[in-house]
Amino acid sequence: MKHSASSTFAFLFLFLIFTGVLFAQDEPIDSAMVDSVATAVEEMVPVNPPKPAQLDIVQDNPGDAGSSIHVSWILSPDDGAGDNDVTSYIIYRSESPTGPFEAVGSASRGLVEFEDATTTDGIEYYYYVETVAGDDSARSSISRPIKSSAQWFSTKDIDTFIIGLMISLSVIFFIFAAQKGKELYLRKIAGLEAVDEAIGRATEMGRPILFIPGILDMDDVQTVAGITILGRIAKTIANYDTKLNMPVSRSIVMTTARETVKQAYVAAGRPEGYSDDMVHYLTDEQFGYVAAVDGIMVREKPATCFYLGAFFAESLIMAETGNSIGAIQIAGTAMPAQLPFFVAACDYTLIGEELFAASAYLSGEPKQLGSLKGQDIGKMIAMAAILIGCGLFTVASITNSESLLSLANTFRSIFSAS
Amino acid sequence: MKRTVPLAITFIVGTVLVLADFIPHKPFGNLGDDFSLYFDIIAVFAFLLGGGNLIRVHLTKINRKRPDWQFSIVTLVGFVVMLAAGIFKISNPEGIQGDVAAIGSLFNDLYMYIFTPLQASMFALLAFFVGSASYRAFRAKNIEATILLIAAFIILLGRTPFGLWLTEGLTGDLAFLQIPNLANWVMDVPNLAGQRAIMIGIALGVISMSLRVILGVERTYLGQDSD
Amino acid sequence: MNFDIGIWIAAFLTLGIMSFLYKDNPWYKISEAIFIGLSAGYWFVSLFWQNLVSKLWDNLWPALDALFTRGEFTGGLLYLIAGILGLMMLMRLVPQIGWISRWPLALVVGATAGLQFINYLVSNGVIQVYNTITPLFGPVSEAGGIAPVTDVWHGLGNALILVGTFTGLVYFFFSKEHKGFFGGAARVGTWFLMITFGASFGYTVMSRMSLLIGRLDFLVNTWITGIFT
Amino acid sequence: MGFWDKMLAIDRRWIFLFVGLSLLIPMSLGIETKLSISPETAGLFDVYENLPPGSKVLMSFDYDPPSAPELQPMADAAVKYAFMHDLKLIIMGLWPQGPLQAEISIQRALDSPELKDKEVEYGVDYVNLGFQAGNEFVIQRMGSDFREAFAMDIRGNRYEDIPILKNVKNFSNIDFAFNFSAGYPGTVEWVQVAVDRYDVVLGAGNTAVQAPLAYPYLGAGQLVGLLGGMRGGAEFEVATGFSAKATVFMLSQTFAHAIVILFIIVGNVAYAITGRGKSKLEADR
């Protein structure tokens, strides 16, 4: 910024007056929350110090793994206003109230807090914050001693914990209820109704079945879902004595899938029908894998293709190639961006939640089905929360009631997850 | 032993990791990171199984002169050359201490001139498949399909100059009907609602499935009971 | 490698992959074969240096060194467990004790279930509910970081998001038959899902076309132009 | 079989041909589409343009070759503009292949006729720090000291020996940061760490798929501007005055969109007229 000579002069003049007013005032207000044990030693009278920010709360960071102290302050009155605008705050720390203090971090103007994440648990620290305005600065008083420590429960996550617990308990409750013989109604899912028929078709046509468990490893829950469905499907395949071809892109998936398919063949009473060659590794590389799968499709012409797991851009390449060879295609993924491509190119698509429910559906075991009923309770909780929350805010807005608004905000904050 | 121990491991590990998220104190606080480290290490060992399988499949193919066995030779050569180039850092200008992908190394050359074009070409095939899928799949068969079609159409038009040309005349109060504005609205409102329903559903699906796995209700992946 | 040869190879492979669109042929097969072999090798090399050397060896070696030279037990020794789990995976190669590999598998699956339980609960579940809670009718003061509802259209938009999320969830209900009012709501839910799918599809088209433009650019402007200059 | 029946059962290879031609022909014509510059692009260029000579610009290349068609044009323009206007470039990548993509942009800029007579020296006018693993934690480490994240540049020179980095300790010595991102880690992480914690002035270029995720940051002022996909790249080329690839490609983009729209229309007309479309299971019976 450039000032002409006259405005610079006027600027300096105002500055001088301002400084005079500042020095005429008493000591800066001490924060009520901080027991100051000493005040910073004045080293030099600065030309034009800003009003210092004052420490507000200095405490161990709650609900963390230790090694962190939370420092907050009340903004300097000069922050964001006046000619002596604050540029930044610097946070100083020492193991003794008399120093030496060292800078542990800074925050730009307008900010009121800082996490000092470099503390050693159990040591007492003293803090002060320095308010900087250009070349000038002013210090706050020094905090009382504070120690950091690790906690055994993350108090800030208690809402999430309770929500998770409620959903878990309803799932577990219905698992047990179903096990005791409680009748459950479950709606039909078209994609799963078609599984037997699709496998039967491959059998009649004498062509193989292709199973793609996505391109992620076993550390993705969608892959786990795909493998559990494989367990059910493989049993039917074993019964029909159809050929299964399962190329995979991860070695751990290969190992797990082999266990799963082998188990299914044993359970179907046909252990001799199983061979390790059914599940084979191609490459970890996304597009290399697709190139190879496309090749397998056009050469072996599978009658049925299953795509169940985590998919990215390759979804459409595979589904379109599968379509071109006239295969029945059943897909399922929880990747929102890929669902449209499966919906467009496949005969049946399991959308998100349906993928995770599929193995329970196919198993037909009461225990498994019960868990789905528990999931529905979770949905009810979510739906009720949305309705109540929106209702509270809307009514608060119409009535302009402060108390309703704070109630609405409190309700909403249950779901803030932090 | 063969089945009970794995079930116990799943139960203990799963439960501890769920709870660990709420326990900041050591050693629970960073168990999740520890696991991903362990997973990465297990994955290297597992690769020996996968890579071994790749070699075995192609050797069998060559041995038995199955159809296209010649291409199996290409695959094996490619695999071995890349492996050697990377592990022994062949022609790496910085020597064995240098970065494996240093510019000028054989590994990097293979990557730049062979791997990358293959990867990009395969990715580019998508453009063709987007064309064929839109020709075939977006047909007004019923109400649902028609809605899908209209939504796709609005977004497509909204991202080209045609959208604006067609509806430029709509100004003032009707400006919201201009196709680019309509496209933004579709993205921000109904699309968002659908996304949220899917996401919340997925969350519940994952929770329920995880519980089935942790509690041992779902155990197909653990293999046979033979003891 | 000579740059020009590199370009010729790249062009050869690019056209090989694209020839698949016409039909399967030896040119595609050879490109595919190279791709599989090379990329599997590439991944193993990456895993070898990044995971085995950087993560396992670089952590374990100093710990073992400390143990044997100074008799100190350090945290790095925990990596020994990871190494042992990895070796257990390899036990599959010996049929008699192949079942041991189920232990690391059980660990992987259990840990995945545990970790993703929390991840999805928070980022897919709770946060989405949080974001959906808004006033349908303004003005609400900015408290809590919610944008105030500026006009009727904004409010209607919020209401539509509420309806869409709600009915979409109704669609996913497993234990209730889609009949009557419930069935109607589920039907509306599918409409919202269809809009989502249509919109995502339309949105992605541009990105996908750009990829092909990039490849064609290489063929036309780098390779062919290069031949004639 | 009538015309529409044939259209309905058309061999998909005709469609592939149409897609290919609709991209190839406009591209070979080399026509530059007239573009209006969107406010997101204008906002970014405005800041970039007003950087005084000698300003230090940090560029993070967070993408790999498959996304290059969308991001390379904007990166090319940004690098070339920087060299032309004496901005000092500090290049890095959170993706392993990112710094190599940067080298491509640098080479293209140095080979361009406009820069023929200009002396651009490595280490003085620009430096490539290479890739560093660790995603957002790299940005965080850079917040205190760049040297903690990058001990050496891509050519193996030590950080302290590189003249351009002499007075660069952390983000406070950076005048502008530019991020080209195709996913994670990318713009979101740069905003959350560099902008929110260290007050970096940030502009971003994203793929078309990623861009919607970054829009909220634009509205909140955490990004000064955003270049979305190939179109964003084209607009940036127009803004910088280096009309190059993306500008020419915009016509192809538009044609491709048109042809997809056309496919949908023709497909529906054929479907409506013939009234067919059975699923394969039904057809089998």
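Letters A, B, C and D name the chains as they come in the text, with residue numbers starting at 1 for each one.
We take it that a contact is a pair of C-beta atoms (placed from the backbone, for glycine too) under 8 Å apart; a residue touches a chain by one contact, two chains touch by 3 or more.
Keep in mind that this is a model prediction, so the values were computed, not measured.
Of the two interfaces, A-B and B-D, the higher number of touching C-beta pairs belongs to A-B.
With centres computed from Cα atoms alone, the innermost chain of the structure is C. Separation between the centroids of chain A and chain B, computed from CA atoms only, is 18 Å. Chain centres here are Cα means. That of chain C falls 21 Å from that of chain D.
Averaged Cα coordinates give chain A a centre that lies 14 Å from the centre of chain C.
Counting partner chains per residue, chain D has residues 12, 16, 19-20, 23, 66, 68-69, 209, 212, 256-257, 260 touching two or more of them. Within chain A, the positions touching two or more other chains are listed as 160, 164, 167, 219, 221, 224, 252, 255-256, 259, 281-285, 287-288, 291, 299, 336-337, 339, 341, 343-344, 351-354, 357, 372, 375, 379, 382.
In chain B, 18, 21, 39, 42-43, 46-51, 54, 68, 112, 116, 118-120, 122-123, 125-128, 130, 132, 134, 136, 138, 148-149, 152-153, 156, 159, 187, 195, 198-202, 204, 206-207, 209-211, 213, 221-223 are the positions where the chain touches two or more neighbouring chains simultaneously. Contact residues on chain D toward chain A in their complex (touch as defined above): 12, 66, 199, 209, 279-281, 284. Here chain B touches chain D in the complex through residues 94, 101, 103, 112, 116, 119-120, 123, 127-128, 130-132, 134-136, 138-141, 149, 152-153, 156-157, 159-162, 187, going by the rule given at the top. Residue ranges of chain C in contact with chain B, taken from their complex: 1, 5-7, 9-11, 13-14, 17-18, 20-21, 29-52, 55-56, 78-79, 81-83, 85-87, 89-90, 92-93, 99, 102-111, 113-118, 120-121, 124-126, 128-129, 131-132, 153, 157, 160-169, 171-172, 189-206, 208-209, 211-212, 214-215, 218. Within the complex formed with chain D, the residues of chain A that make contact are 108, 194, 197-198, 201, 287, 324, 326, 328, 337, 347. On the side of chain D, the complex with chain B involves touching residues 10, 12, 15-16, 18-20, 23, 65-66, 68-69, 96, 100, 103, 154, 156, 212, 254, 256-261, 263-264, 266-268, 271-272, 277.
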